[in-house]
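To keep things simple, chains are lettered A, B, C and D as they appear, and every chain counts its residues starting from 1.
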Amino acid sequence: MKTTVRTVGQVSVIDLSGKITIGEGDIVLRDKVQELLDGGHKKVLLNLESVSYMDSAGIGELVACFKRAREKGGTVKLLRPSGKVEDLLQLTKLWEVFEIFSEEAQAVASF
Amino acid sequence: MKTTVRTVGQVSVIDLSGKITIGEGDIVLRDKVQELLDGGHKKVLLNLESVSYMDSAGIGELVACFKRAREKGGTVKLLRPSGKVEDLLQLTKLWEVFEIFSEEAQAVASF
Amino acid sequence: MKLVFGSDVRLVDVAHAASEKLAGVAGFDEDDALNVGIAVREAVINAIAHGNKMDPKRRVEVVLKARPRSLEARVRDQGTGFDPSATKDPTAAANVLNTSGRGLLLIRAFVDTVDFKFREGRGMEVVLVKKRTPRGTLKDDSSSARP
Amino acid sequence: MKLVFGSDVRLVDVAHAASEKLAGVAGFDEDDALNVGIAVREAVINAIAHGNKMDPKRRVEVVLKARPRSLEARVRDQGTGFDPSATKDPTAAANVLNTSGRGLLLIRAFVDTVDFKFREGRGMEVVLVKKRTPRGTLKDDSSSARP
């Protein structure tokens, strides 16, 4: 998985591409979000548009990031989950846990 | 492998995409070229731009097409072989057998 | 096709790739082939992590069989088995924020049937079957009446 | 990792996919992983076609081993073997228009070493080794003096 981090206003947007899976994508995701939280950036938007799929380890890490942000008084929200990723969020009922947006501007404004 | 056939002047251009490999791409290639030859279309340009690689069976079929066309008084020429496909044509010395072009207009004019 | 490998988590990707590709050559469309790949991936993760407890010397076996109308994947480990009915529902309100426990949910969602077999001394075997919906071969299907 | 399968030509794609993926997780870059995949593909085609003469009951075994600095692939069939030095050079003028005979050429081009072993009753084994050029780990390499 590849990531780039952008700052839009007060929000850190992580553009993810590839898959969030055990032993690779999940670790990258954890490290990137941890870096932001450690740097005091507590408003994190994960852009999932180019993520093709996740496995249970990747989904678990998504939840872990959500909880770690919350513990620090921050939030992790999701942008544009695609076909399979959307299916997985629905299946796991995480669709109701995360705030999920299809427009970046709207997502950024919501923090 | 996917193919589409276009007619440019007197030349039949087959746009190939995918890989030319045993049991699938090689058969598609054979059938498409045979169809054209059977229909009296003897000037065939294979556009390899979107072919990612070939195996020995695919390369063998390329040669078979070349020979079948020649037997019918026709020609098969190649357009824009990419990285791995170019390597393979060099390695097998078929680079010197086929007429190979990087510009479609030039290729079409050469028949 | 049979795959045999030690309990190295990097090999999960290889088992996934092989299963997805086999589903593709067996005639499943791209999305269903990915579903097969993900289901096998999850079963292999469980075999490595829970069954074999990450011991690289313990082996995982994946046996893939393409049938005319289905694909079967058997994933075996060398562990002591478990009771699948005793696992928690990861979608229940109390569990939805757990960071694990979703593998079986994904497996069940992505294939049509899942069987669990445990035999003493032979470890756990999880049997996944994905049915293939015939495309454009309605004739073949005329015997099974449709509503 | 070991793959075992019957001599079905559709499984060539699966063996290729597994080998390419394993090379990727073992640290080869995309292009070299594809080279490993193609080399294994060709060895498997030969095992199925020449070694096992397309008999679906005869098996092919592919054993893949990722080492720190190389990847080894052993491709075994149940055939009667052959003498690789007796094969024609497919790049010679007299052969360049042949429609077959290029498999060994591709294998030799895409991996670093190729060994052929035949043992009576055990069939042919072709051993491919691809070396991994370390990326950005020059320190590791300091012992092997470079010109």
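The definition used in the following text is that contacts are C-beta pairs under 8 Å (C-beta built on N, C-alpha and C of every residue); 3 or more make two chains touch, one makes a residue touch a chain.
Small disclaimer: the values here were computed from a predicted structure and weren't measured.
K.L.:
Distance-wise, how many Å sit between the C-alpha centres of chain C and chain D, to the nearest whole number?
P.N.:
29
K.L.:
Once you find the CA centre of chain A and the CA centre of chain D, what distance in Å lies between them?
P.N.:
Measuring from centre to centre gives 40 Å for this pair.
K.L.:
Please list all residues of chain A that touch 2 or more other chains.
P.N.:
none
K.L.:
Which chain C residues touch at least two other chains?
P.N.:
Chain C, residues with two or more chain partners: 10, 13.
K.L.:
Examine which chains touch each other and state the graph shape they make (line, ring, star, complete, other).
P.N.:
Topology of the interface graph: linear, an open chain of contacts.
K.L.:
If you go through all the chains, which pairs of them touch?
P.N.:
A-C, B-D, C-D
K.L.:
Any idea which chain C residues touch chain D in the complex?
P.N.:
1-5, 10-11, 13-14, 17-18, 20-22, 24-26
K.L.:
Once bound in the complex, which stretches of chain A touch chain C?
P.N.:
Contact set of chain A toward chain C: 21-23, 53, 55-57, 59-61, 63-64, 66-67, 83-84, 88, 91-94, 96-97.
K.L.:
Can you list the residues on chain D that touch chain B in the complex?
P.N.:
So the residues of chain D in touch with chain B come to 9-10, 12-13, 31, 34, 38, 41-42, 45, 90-91, 96-103, 105-106, 109.
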